[in-house]
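Chain IDs A, B and C follow the sequence of writing; residue 1 opens each chain.
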Amino acid sequence: MNDLISMRDLSKDEVLYLIDLSEKIEKGECKPDMSRKLAALMFYEPSTRTHFSFATAMKKLGGQTITMRGTASTSVQKGESFADTLLTIAQYADLIVIRSAIEGAARYAAETVPIPVINAGDGANQHPTQALLDIFSIKKTQKKLEDLTIGVVGDLKFGRTVHSLVQALSDFNPRFYFASPSHLKMPPYILDDLTQKKIAFEEIREVEKYINTFDLMYVTRIQKERFADPEDYEKIKGSYIISESMLKEVKKNFKILHPLPRVDEISTDVDATPYAYYFQQARNGVYMRQAIIAALLGGDK
Amino acid sequence: MNDLISMRDLSKDEVLYLIDLSEKIEKGECKPDMSRKLAALMFYEPSTRTHFSFATAMKKLGGQTITMRGTASTSVQKGESFADTLLTIAQYADLIVIRSAIEGAARYAAETVPIPVINAGDGANQHPTQALLDIFSIKKTQKKLEDLTIGVVGDLKFGRTVHSLVQALSDFNPRFYFASPSHLKMPPYILDDLTQKKIAFEEIREVEKYINTFDLMYVTRIQKERFADPEDYEKIKGSYIISESMLKEVKKNFKILHPLPRVDEISTDVDATPYAYYFQQARNGVYMRQAIIAALLGGDK
Amino acid sequence: MNDLISMRDLSKDEVLYLIDLSEKIEKGECKPDMSRKLAALMFYEPSTRTHFSFATAMKKLGGQTITMRGTASTSVQKGESFADTLLTIAQYADLIVIRSAIEGAARYAAETVPIPVINAGDGANQHPTQALLDIFSIKKTQKKLEDLTIGVVGDLKFGRTVHSLVQALSDFNPRFYFASPSHLKMPPYILDDLTQKKIAFEEIREVEKYINTFDLMYVTRIQKERFADPEDYEKIKGSYIISESMLKEVKKNFKILHPLPRVDEISTDVDATPYAYYFQQARNGVYMRQAIIAALLGGDK
């Protein structure tokens, strides 16, 4: 493992290794040391939470970060190519974490520089560290990854998070229920892929009818910025809101995950129930990113 | 002590404890270790000096910081609630330092998250770490806190710094002289409070007449941004300027404090006199903030 | 050595000492420890690369940084003088690194504060750490500094980098060839200085005719922002482009240096040749800045 660009690059064994390493880091059984190591966080797209999560991961391992944001006040203004910027940063840092609105930006970076690159989201394409922290969270809550019944709710068309997650879980014999507004359905290429792999899935309209069969439910935000017409957003945003009243007869092991930020797709009255797991999920992201950094930089002793 | 939100929450003993701890940290007799600890600095209002002071305090203890500024490029744009932002940050950091223009923001944060919160200024309300570093500075310059004669000069109406300080010194039998332009006087509720506590104070117009009786003088900036009409500011700003010529017969132990930044309320010719203490006061702020962090995070060995 | 403001302040011995220290740091023979030390990076002018290089240098020595950018969200807005800002920062940090568009800003800072100051570029005046890393790069590539034949190409009028470098190399008996568009020639005061020191130089129009005699060639960007009329820039920018085809018969020890960012003055087909040294040069900058920090803060054991 030289870079982490796409879930498709990872074998099942590698995924299991990273989950195992995350668990050990959380428990303090493994303490990677990144002293005097530097991660360059190149964030060409705003993302507080992903940026903070990576910065936290690196700093809590004893390492350091330098952050490049946007293109203002950078050499890009002076006409420098993206390749030159990357090659220069690679002289300073031990690791590049890159987030960009452009699909393939992270792959290009990995092919350009000799140091490890982590994709922290490239447009609508991949966000593999999110998928990995989601799987880690599923493992922690269910004690297993195999044979789970999973509801996936919200914007399934534009949500790269759920695309990566669904692909990643395919190795573990899941049963999926996809609930979304009709024009925000899971893209056909993902459904085709599931069909080919003989994975059970169903597209549903109402979550309530199925929720008591779920081991877990993954809810995503319906992102305003994906809509050309604000009115379309207003029409949609109230759909698929999860409230406490829906959780009366769910399974004991049932958990709700959400990549955050949430707007109103999960009522705050859910937060105090034992089914809310989204804030712990954010914390899991730090452990998983520490595991990924350790795996790439070789400090995983 | 779980949080530091308001001076009113602190007992006299807690104040004295923090002063003692600050002294020990300054002398190197106590070296708290914040390695692998992370403070989230949430600055919703610009403040170079307070931000730098906290960042310095944490970093010189071996700790690390992550900074969130304003609301641009944050999840707030995406419609996230303040509570959710706080709960997410609390998954990453060990401590939150928050500055906001909104009164009560820090208290709300403390009630929302399980980790310690420090109020770094909430609107016109409280700025307790400033009050504590001021008291620490008074103790260092006067070798005591009791029975001091203190001039307080400048904008006494809007200056939260002097409000907190006057309240905090009330436990130590002070005598106050308040000098301000007539429409920027100390608010009645503070004067009432002093009367009730039987603390001697006098409102004066001319500083020069009284300065030779002062043990110390606390000067504040008359803040342009508090005036609706710029002309009112221009009329006022020259008043109460302290110059070297006023210091001919002051007490030997006399010191001038100022929370900084200064504009022209203290002439630069004062800087070279033994009475100028404002830059050292800024340095004291680092020691006091280190003491507060250590007290909250339990690293005060 | 208390500050680093201008190459003119450094003796030849001091330059050689810094080169030697940089080499030892690169080889790991010297490991300065900046734990719990703080560098304030005051960048009043955008400069990704210089900022990152200093931040990297400090952090990879175990130290920490705080960064002040521009004037927005700083005390300058509140009417604070530059001297007061400096004096306050000096209470927090152990070292100030300053970059400003104003000539003499760094010198003024050094005269104002008691802590060491490093000039990271003051307008068209000096950029001594760049000159030092350039000399360090020359030493590494040529194994010596004496008696070198050096082509200097590009914008020689406004390029402070080449001015500092030419002055710095004057101690080592160089032979210079200066190639630039006619209205971007090396300023007369520099040529006069070389004449007085009896250093051989020639102003040339065509690089190709002389390139095979060069030990190294220093290429600079023709900076768009220096031109009042964009058309003038467009006319000029294609001139003096270095391409692989020009390098057929260069000396074996020949290397191309460039302070970066590059626009198109060196074709990317040069990058894969053994003559391209500009990215390694950027890395050398980290070692040199570490050496300078260690020399100023006394951690050079």
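A few remarks follow.
One rule holds for everything that comes next: a contact is a pair of C-beta atoms (placed from the backbone, for glycine too) under 8 Å apart; a residue touches a chain by one contact, two chains touch by 3 or more.
Computed from a prediction, not measured in an experiment: that's the story for all the values here.
Looking at chain B and chain C, the chains in contact with each of them are A.
Interface note: chain A and chain C, two copies of one sequence, contact each other through mostly non-matching residue numbers (shared numbers fall below half of all numbers used). Superposing chain A on chain B by their CA atoms means rotating through 120 degrees, a value rounded to the nearest 5. Averaged C-alpha coordinates put the centre of chain A at 41 Å from the centre of chain C. Across the assembly, chain B contributes no residue in contact with two or more other chains.
Against chain C, in their complex, chain B makes its touches with residues 46, 48-49, 52-53, 55-56, 59-62, 69, 221, 223-225, 260-264, 268, 279-280, 282-283, 286. Of all residues in chain C, those touching chain B in their complex are 35-36, 38, 40, 64, 66, 68, 72-75, 77-81, 83-85, 87-93.
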